[in-house]
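Across the two complexes that follow, chain A remains constant while its partner is chain B and subsequently chain C.
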Partner chain A sequence: MNELKQICKEALTEKKARFIIAYREDKNKKTKPFIARTPEDAEQIIFNHQAVNNLAVYFPRFKNSGEGKIGIVVKSCDLKAVTALIQENQIKRDDLFIIGVNCSGVVRDTTMEFSNDNTQIKCKYCQAKTPPYYDELAEESKEFEMPDDDQAELMARIEKMSSDERLEFWSAEFEKCIKCYACRQVCPMCYCEKCIVEKSEPQWIDTSSTARGNFSWNIIRAFHMAGRCIGCHECERACPMDIPLTLLTRKMGMVASSEFGYRHGMSLTEPALIGTYSTSDKEDFIK
Partner chain B sequence: MEEYIVSLDNLKKIADELLNNHCRVIGTTSENKFKELNYAEELVLNPGAVPTSSSFKEFFFPKTEPLFFYKQNHSNVDLFNPIQDKSKIVIIGAKPCDAASLPIISKVFNWDYKDDLFNSRYDNSLIIGMSCHYSDEFCFCNDLGSSPENMKGSDVFLKPLADNYFKVVSVTPKGAEFINEYQKYFEKDLGKNKSLERKEENPKHFDYDKVKTWLDNNFENKFWDTAGEMCLGCAQCAFVCPTCHCFDIVDEQNGSCAGRRAKNWDACQFSLFTKHASGHNPRDNQEKRYRQRISHKFKYYMDKFDEVLCTGCGRCSRGCPVSLDILQIVEEINSLSGNSNSIQ
Partner chain C sequence: MEEKFEPKIVAFVCNWCTYTGADLAGTSRLKQEANARLIRVPCTGRIDPVFIIKAFENGADGVLISGCHPGDCHYNAGNFHARRRWILFKNLLDFIGIDSSRLHFSWVSASEGKKWVDIVDDVIDTVRAKGPFKQYKKMNKEIEIPVDVEEGVSAK
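For the complex of A and B:
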């Protein structure tokens, strides 16, 4: 942990970054995002199993806020969001100072200690405990027990459902939605300056939390995430109503992978799936 | 006055009778959520439980409700009033930080315009509060003049006793009437059941008067530049809050010639909240919006309605995706107020 602090301190002292988006612990030992602007601030920087937030979500707010690089502490999974944002031309690699951390898994429930039962599902599928690229690397990687994928079973069950049963399943889930838009706000890939629900001339999507309004919102968000979700699971963690949102985004990612051999946020040079056309793309869905 | 106790079983019997009398009975369930009960057995009363993730405000101030429906009729427009559920609402097992919210928000719903939708539900309700035996780092009811035993907002108040019994306190005339109506389920308190006390007192975190004075004088303080800078601008905090009451009014079309006008929850952390039709937005960044949230709760509402717009339940902090902690923010203001009241 000292190593991470040291790297950040040096980066700020030597002006390699004008500030660093990182994690700190508050007085209740709760890990939370903060901005380190001075070498003194960097003293507070930590990384641990509770460092759940995907800090790439803060880029849109800071990207035009001054001269110099933006520093960011990233886990391997968060780096996919950084890569995806570069692929989607939202930010330039040269504008970033990336401090990668070797991650040994993060918790699902931040009120409890890290354990095999309290590890995010995404950690099971994490292919690189060390971020694939970075400007500096900190933390020692520790082996940890892989969590069970309790979502896979539910996903298989939903796949077997008839369309009516599926409608019933999702209607019950979306009914809980209160339209707080925490899913959108924590998502690093939801960066539209004006979300479709905020477009009122005409009003495309009902803003009310009615069955229709909730369904429209959650389905349109899932569509906008098709093949774009990088799997940080922040939407589901943030949802105060416990809607299993990653079932949708994860399934879409699986379809993008099986149908187009594409996974978002994996390559700085590969164009984004949603913005490209290939002659080898399947056309059998056009009937 | 006669003192009563009631068993959990008998409370459930009362709930059953209420349900049979077509009341809407709201209680906490095994999932620790407020729910409109279908049957009394769903009711779980646990004074030691963490406050439910959402408050019960939706039963008085729903997340969406129609104001009227419209339908085009040749060159005229016909308006239709929505059918209102006039059933009596009974809340069972509200914590003091829940119950206290109703008289607080009732003030804003009855200030200049009398909000019939809220009033028709609140006036026709009965709140059965219960002492709270829970405390964590997010709780701060006793910093706001309340306490885990506070009866503000309750009509009847339950104090846990041993063996699933509760001591019954009649708080309002409405509460006394209720106890009288269901007399057969209440027993005389012979002092046999040991009372279950809270294990420890809640710590005190800040001096509200100092915080208020600081807020009165420091709208432009540089503290605000960083206080809310990590806020992502969602409405988790506002929508789970028992006292946040802002709403938006929208027209929604259903088909080409019909639709409804609805009243929906809104929140000051949304960027659109203060955006004018001209395009100008007086709260054009998250830092300003966060200052508004804190100031509305701890200053403006006090100035206008003589109440703090917060009951110290800690829901907003427990659920915040980026762990913004309202108590720590107010504690920081408290420590700033010790230094100076001047504008920096």
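For the complex of A and C:
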């Protein structure tokens, strides 16, 4: 389908956007992020089941980078990251030209074809295949079979464990971490110019990948995502050690929703959960 | 005879209420167990959860956080911001396996010396019953650098 290409080409020709963050096929026939700057570049733009990356992660590097709008191709799940960044005052809606795509699911494993067994879990609980808002909309949405939510089963299993068993489970998982920080780099919500692990006076988190340093890093990262994670599952996809990172962030999302009735990235006007408070927040745990 | 386990408790307290309350407990000569080490911060809003992690890394068996009652914050809203953060952090630690027997919260005002003593004693008892934080101590051990006083830092 050429519609997406057409929209992007027009946007660049008519200068509705000064460039467009999109996907193209690289020379190894892999779908990869790509920045189209000219109408000719737009010829290469594609969208398919392999378009896994959340392109909102590229915004911070274009902060104050010039006049004109930034174009971006977004799936419905990625749009939540855009919304969340607007809520957190990282970017303005008016500075964006949003090209929404109707999504029909993306793969879990990019080395394999899209199939029922190879669909990301996030697609299971995706609320809208069509992005809730956009400047242009492309692609047709196709029905696809929902994958099993095997993460929910694991979550329920962990919740049933005793706290010592849970600690054992997570220690074993975190021990695998090699401190590559891929989870942070790929996350659209991890935009700090200086991450806490890079702060050395004082050194809050051990930089070496020892059990203790890994433990602290993973807890703190998960906490920084609490009520902020929009569930794109990019961290877990990027983690070379297959640590179930989204289990933590999803759990924190569930807490944000049960304790505060809040879901991040769902409203352009609602203030972010962290940074605000209510005098009626629960305090039954405070003596 | 088996030795009684004496837990190490790190208490982060705000300058304006709880620290003053603890001071009052002292000047009133109230008796209190000696396991808690107080760290005074300007406001509970200043307590980044990474402090709590740091306390565990440095050998704490339990952590207590205490500040002004809601509405009494010296900076008006520091404790409200803190409370929201605690709800999230407490749930996270619980999911990871550090339950509420190791992490305690309280509001203690400058006049509540007695309440402070009761809370500290209660926290110490709870942590003592739970036992030493073995899992963290194991992680700490792994990265200990053997130090020879004469030779300086030596490789194992």
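Throughout what follows, the second predicted complex is superposed on the first by the 284 of 287 C-alpha atoms of A that agree within 3 Å, B and C clash if a C-alpha of one lies under 4 Å from a C-alpha of the other, contacts with A are read in each partner's own complex, and residues count from 1 in each chain.
Convention: a residue touches a chain if its C-beta (ideal position, glycine included) is under 8 Å from a C-beta of that chain, and two chains touch if they have at least 3 such contacts.
Just so it is clear, the structure is predicted and the values come from calculations on it, not from any experiment.
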| item | value |
| --- | --- |
| First, second, both or neither for A:238, with chain B first and chain C second | first |
| Which of chain B and chain C A:158 touches, first, second, both or neither | second |
| Chain B versus chain C as contact partner of A:121, first or second or both or neither | neither |
| Which superposed partner A:285 touches (first chain B, second chain C, both, neither) | second |
| Partner chain(s) touched by A:248 [first = chain B, second = chain C, both, neither] | second |
| First, second, both or neither for A:178, with chain B first and chain C second | first |
| Residue contacts with chain A in the superposition, chain B compared against chain C | C |
| Partner chain(s) touched by A:209 [first = chain B, second = chain C, both, neither] | first |
| First (chain B), second (chain C), both or neither touched by A:256 | second |
| Common interface residues of chain A - those touching chain B in one complex and chain C in the other | 206, 208, 210, 213 |
| Residue ranges of chain C touching chain A (in the complex, touch as defined) | 49-50, 53-54, 57, 70-71, 77, 80-81, 83-100, 104-107, 119, 122, 135-136, 138-140, 142-143 |
| Complex interface listing, chain B residues touching chain A | 53-54, 63-64, 137, 226, 229-230, 232-236, 238-240, 248, 250, 252-253, 262, 264-265, 267, 270, 272, 286, 319, 321-325, 328 |
| Residues on chain A engaged by chain B in the complex (per definition of touch) | 26-28, 30-35, 53, 57-58, 61, 110, 178-182, 184-186, 198, 203, 206-210, 213, 234, 237-238, 240-241 |
| Touching residues on chain A, where the partner in the complex is chain C | 158-159, 161, 163-171, 196, 204-206, 208, 210-213, 215-216, 219-220, 222-223, 226-227, 248, 251-252, 255-256, 259-260, 273-279, 281-283, 285-287 |
